[in-house]
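Attaching a single structure in structure tokens format; questions to follow.
Naming follows writing order (A, B, C and D), and every chain is counted from residue 1.
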Amino acid sequence: MTVIFRTILVRELTLGLRRKADMLMTLFFCVIVASMFPLAVGPETELLRTMGPGIIWVAALLASLLSLERLFGGDYADGTLEQMVISSHPLAMIVFAKVVAHWLLAGLPLVLISPLLALQYGLDGDEGLILVATLLIGTPILSLLGAVGAALTLGLRGGGVLISLLVLPLFVPVLIFGSAAVDDAAAGLSIEGHFSLLGAMLIAALILTPWAIASALRISIE
Amino acid sequence: MNINWFKYASPASFYPLAGKMIPWFAIPAGILAFIGLVMGLFVLPPDFKQGESYRIIFIHVPAAWMSMVIYLAMAFWAIVGMVWNSRLSAMMAIALAPTGAMFCFLALWTGALWGKPTWGTYWVWDARLTTQLILLFMYLGYMALHAAIEDPRRAARASGLLAIVGAFNVPIIYFSVQWWNTLHQGASITPNKSEMAASMASVMLIMAVAAWLYAIAVALKRVRCEILDRERHASWVAELVTKTGQVHG
Amino acid sequence: MAEWFDMGKHTWFVWGSYGVFAFFIVAELLLLERRRRTILQRLSRTSRMNSGVNDET
Amino acid sequence: MLQVSGLFCERGDRQLLNGLGFTLEPGKLLHVRGANGAGKTSLLRIVAGLLLPTAGEVCWRGKPVKQQREEYHGELLYLGHLDGVKGDLSSIENLRIDNELLGANADEATLVAALEKIGLRGFEDIFAKQLSQGQHRRVGLCRLLMSQAKLWVLDEPFNALDVKAVKLLASLIEAHLERGGMTLLTTHQDVPLSGARVSEITLGQTGRR
């Protein structure tokens, strides 16, 4: 079981690293979106400090949404997805490996860049740290839920916009707890609750979404 | 009454049954709605604090309930459709969606108009209105996905799966929004305590049941259209059309 | 008749919401009926066409 | 032994495969004929488990496929219109992935030998997207050399292949049948195989009700 996970993971990572442009694109998208807001709302540090976590979270969310279409699109076009569906290994495991690879290529860079954005918004040391921690737990959930949307809209025209319409409502709880954690930390409130809830959502997503993604794929490749 | 459900699982035998059932839901819905409207708008005295604007609650709350109930019903039919691979239940899920979306929008609209006189602004980021807004996006997502796929079977199964995933997330969204915002003074109708006068509560219930019956009647009517649309090649549809010349009822 | 509709300063709000509510309900019913009618017309046309074809062969 | 009974399938709003049924014995090849749009590809995709029929049953070794999805797919090899070859990977990398997916657990040497046998010696490390269409398809065909699957389902395997490749493919199928394997294929060219093991079915006109 784990051998197939490793094979598909290695395959996806080699493919992803051979097309660095796609990976960097989502990263730059997040940075650009996050840098737009100060231009829009003005440079007062106090205002930016309070809005910072929310803006960075929305930018990260949109960036990971952007890269979802490539998750299955390429394999669907050249027939390798079919071979995966009819392989003797459970499809949920193959799909799980693909989503983990997608997170490593699209989600993790967002987490690594977020301290930089936190500085841009004047979030000092520990607030920035908390922001990075929430993104670290939150972005895998976004990838897992987003993959369900990507599988459902496989091969449809206007897939990008359609995926966001399907998946953004599901992102709301993650967005709420992710961005609220930093504000409450700044206000000195306790934030264990936020992290335990985010953790619970991550575990639920890890267990339930692979099955949903696999059945969505089976429906879409008909 | 243990009707053998699988006999009615085939669209051909469900079509006439649905036709007969529609009046049984439509007429009581009309009567109840009329009673509720007359009592709600004219009989009940104005509220001492909110004056007349509290009357909007008689359609706002039922619409909000219905939008939630219909989404869960859609998920239920999607599950049934997927487990028994029955096309009819998938059609039922699709037939419910537009009515659910309508109730969702109306809940938002009436919520805003009710909010203006009571809270002073049309849109208030209050927990239940925000959940209602997100639910509207989920309805739109459901219908957009269903419309984007040509093949009717794949469309039904894909949107069905989305409804199931969505229904699983509705409580999570509700509680996270509820936690996020404690502005709203708690649901005025909570199972244990009811701040509202008994008469108001009864009118609300009448309107809720009327809305519920209305939704079923419309869903049955729309599912008949779906059946005719999807089964147009089946022999029974051709007979039906030629036999009755102009099909009615 | 006028005092029925007079809801004090909230007239616009109450009738605004009830009016839109009624409008949408009626609109949904009309659209549904129109859809049913177009489907049936299309079906009767195709069935006439098919029966027409059968007579010739 | 593959047994298919009472298959109905809907494509768009056309009814295909009205109640089709057949059995495929070990060592036999079934050639599915029929005009374009008669449902040949749909039939093969249903047998491969990629498409859900509206009605009917596919049984493998007497048990419905739905109940033994992973075991059945372990013994199945499907080649569709798409080659199933990743352009950004080299030929050998593609084969390593296919080897794992098919559960063939062939070692590196067999993979290199397969590439050689299919006529791609020296192309092992070239990106598949730089190969010609015929070569690209051959990388996909290497699966036939690696897999020990009992049932081959091949959709138009011969197109875009030159004469030498067609002969090679025919010999592979011949050897597969020799070993008691089963093959279900569609092709518009005539099947260059000895008549003894080949049976045919023809799907009806398009969309007849």
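Going forward, contacts are C-beta pairs under 8 Å (C-beta built on N, C-alpha and C of every residue); 3 or more make two chains touch, one makes a residue touch a chain.
Being a predicted model, the structure only gives us computed values, none of them experimental.
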item	value
Between B-D and A-D, the pair joined by more C-beta contacts	A-D
From chain B, the most remote chain by mean C-alpha position	D
Chain centre separation in whole Å, for chain D relative to chain C (CA means)	51
Rounded Å distance between chain A and chain C, as computed from the means of their C-alpha atoms	43
Cα-centroid distance, chain A relative to chain D, in whole angstrom	37
Separation of mean Cα positions, chain D and chain B [Å, integer]	47
Per-residue multi-chain contacts in chain A, two or more chains	222
Where chain B touches two or more other chains at once, by residue number	151, 153, 232
Chain-to-chain touches, reported pairwise for every pair that qualifies	A-B, A-D, B-C, B-D
Residue ranges of chain A in contact with chain B within the complex	148, 152-153, 156-158, 162, 165-166, 168-170, 172-173, 176-177, 180, 197, 201, 208, 212, 215-216, 219-220, 222
In the complex with chain B, residue positions of chain D that touch it	10-13, 15, 52, 54, 209
Contact set on chain B toward chain A in their complex	134-135, 137-138, 140-141, 144-145, 148-149, 151, 153-154, 157-158, 161-162, 164-166, 168-169, 172-173, 176-177, 179-180
List of chain B residues in touch with chain D within their complex	85, 150-153, 232-233, 235
Chain B-facing residues of chain C, complex	4, 7-11, 13-14, 16-18, 20-21, 24-25, 28-29, 32, 35-36, 39-40, 42-44, 46-47, 50-51
